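Which chain is which? They are A, B, C and D, in the order written, and residues in each are numbered from 1.
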């Protein structure tokens, strides 16, 4: 039988994700690099007590709708539906916007395990590459070293960082084929490409499915062996007409003033 | 600490960024943090070719689009859309931080909250907020060959940010090489903090008054040239 | 050990490769070592789609060119030129071994010198040569979800290669799942080595005579179907 | 000044490599993936007592000339000129051909430090990525674990493997630009791309130099920041007319019989 990793619907793609699962969520923080439709499906399913692994905890769809995005949901959809128990994350909160995660964190309703961004990437790669751990110089002498083994190697101090083992990785790519080969667009590789293959099951949401052989072998970033399921976004999506929250409007103003998130 | 200098002249954000940019040498690969640092990309000295890195996976990019424009799949670490230039290349997150952690960057410029005498940096958690974001700051602080901090010299409450020992949560130990503030340029050396430049209308003595550790006044200490 | 079976029928290399290939399931990603294993790519069961990995940085390739032909920049780990097929992709060496070490491969097939009762493998150093090459063998032995060894059942001197304990330098501990020899197919289980199949004209008892550990004869033990 | 990593000659490219240096040599073992012209320049310079880091120790130019290669030198040129003190290598010897390295090794004239191929790649990457070390499962219970720290993590035993620090990396790529951005051809990425940036100085020999901007940003494999010098091969090279050795002829026969090296 020809290999076919293409699945028919987003709901089917996430159907076997159980309560309590550890789930990697790709992207950097911008919604363009986020597996929006997979997150929406996961929210519909209502999977409980999950642990997420991601760079940010999401800003919420209002922020992105204001910027003109039609696929506007990010990790916030999981947080505000109270599906997240704990987030392993580099950037849990923003300096210009109090997101849902921060509110729940301050209310003691979610846990956070904050990991320096490069260490997060390396721990995810360690899981993918079958390493037992890596010694990183990042975080020595800071809050990050708490509870970690320290080792001096060649005169420099390192922390032992362990692989992050996850059950599922939800990632966003640009194009994919039935073997699971993936290409990305520009800076949307980020944690998407790093997480591909790092969890037991990797599910890729793509802008476009192409025939096997249409991706140039020199250009494929993620070899299909790292990917278990591929699903294409609908060509367009209906944007709900709920009014934009006041908080999101203010956040956008701050963003424009400061020029960055 | 004295607030007698409250109404004195300060460099604005753009001017601090301009001063930071003077540090960029021909061929340097530079990462610019959110805030004042990112403004420095506008002031690369004429005739010097500098390559910018952004930790979300790009090396070599051009101007920043105004909000809402540009390609949403091509942004810098602050989420601003930027432009492709000849030489641009993309990579994933673990490669991006191999570049950082592996000491391949010539310069990292970040904002700061406190810098200690020894060059310790605290820049991710304002104690009053209780919750902060580490993001890529710890990696960038230890990874670049040269770390430059751009920050105001004192807090809003007139407390020094140039301190003997950081009281805020640390970002990294002994990492800062140069601090550019709104009133001074200070180099961190093994002998201590060396005052290299001061803002117009200021004197080394006045800068010292707003700094906790004893500053060594450089023999060629001078007014910042703008 | 007895050499009374010296003139008895043995599977040839191609037939062993054919038997190995029967293990390939639909969609398996498979790495084939130098020697008999690489021949197995010719015998993928009809209707099954199998993807081949080569540790020099390719996943998904087609037929092997005859020596001297093909693209010198596209070879398998044995240095033979191979062909691009729809789905082929390339990567560098640390990515290739992330695939291996990270347990992404379904099957690795390698040659062997000795396999122990517990599934320990020795396959890189013939003691008489004193010097051998580890290459990628240790990574492939521990990395694949399923390790299959294809080798002759005994040495040229009629010494068993199916042993209680390896006497040669080890490649990896408790890694072998299946051994295909020129006279038998043996599965390594927690209970011991299970004889699943024997070559035409052979009996389980005869295979046992050429094997050091006690073999468990599978209830459905049968002649290898060719 | 425009950044310009392009150097004028192979001799200039290696001029500052001192005696006793540790030198990574890219490629897999096939001459097509080998930085032939850089190795020739290094041999001309006659640098002494070097430590090499590579996948194989070379087969010698005769073997490759027989196969029709014009750029036919591999690491053997360093070995047979007695420049190598020690080789850190995955595959020091071949089963079908006794190369110069094996002869010198048997004569006690060179040292070898044999490293499993995947561990070699990971140790090289560790140097590039600023890691203090990595725990790998490869080699546990074998000769490879000798002298190494063992650690049980999550019930599995790992060996601590340290980064390989090198002074220079000589690599072969397909195309490069003045910033040092590189692309490779097909399976010739191998250790070339892994070693790029892993040594203090990386020197890339390319088939072709192109103008900045001619390499598609999505296709660049090695970011220029990893590369210090770039130099293009001559369009053609004069093949010397020394007779092919008997050993090489026999090796080719064995290779054809067996179908692989």
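The rule is short, and it goes like this: a contact is a pair of C-beta atoms (placed from the backbone, for glycine too) under 8 Å apart; a residue touches a chain by one contact, two chains touch by 3 or more.
Note that the coordinates shown come from a computational prediction; the quantities given were computed from them, not determined experimentally.
Of the two chain pairs shown, A-C and A-B, the one joined by more C-beta contacts is A-B.
Once the centre of each chain is set as its mean CA position, chain A and chain D turn out to be 36 Å apart. Note on chain placement: the centre of chain B and the centre of chain D lie 39 Å apart, centres being C-alpha means. If you average the Cα atoms of chain A and of chain B, the two centres end up 28 Å apart. The set of chain C residues touching two or more other chains comprises 90-91, 94, 97, 100-101, 143. Within chain A, contacts with two or more other chains are made by residues 122, 125, 129-131, 136-137, 185-186, 217-218.
Viewed as a network of touching protein chains, the structure does not reduce to a path, ring, star or complete graph. Here the touching chains pair up as A-B, A-C, A-D, B-D, C-D. The residues of chain C lying in touch with chain D in their complex are 34-35, 38, 54-58, 64, 67-68, 71-80, 90-94, 96-97, 100-101, 120, 130-139, 142-143, 169-173. Interface of chain B with chain D (complex): residues 26-27, 29, 47-49, 51, 53, 59-60, 84-91, 94-95, 97-105, 143. For chain D in complex with chain A, the touching residues are 122, 126, 129-137, 151, 153-154, 156, 158, 162, 183, 185-186, 216-219. Note for the complex: chain D touches chain B at residues 1-3, 125, 127-131, 177, 179, 181, 197, 211-213, 215, 217-218, 220, 223-226. Chain A meets chain B in the complex at residues 28-33, 55, 67-69, 90-95, 102, 105-106, 114-119, 121-122, 124-125, 136-144, 174, 184-194, 221, 255-256, 258-261.
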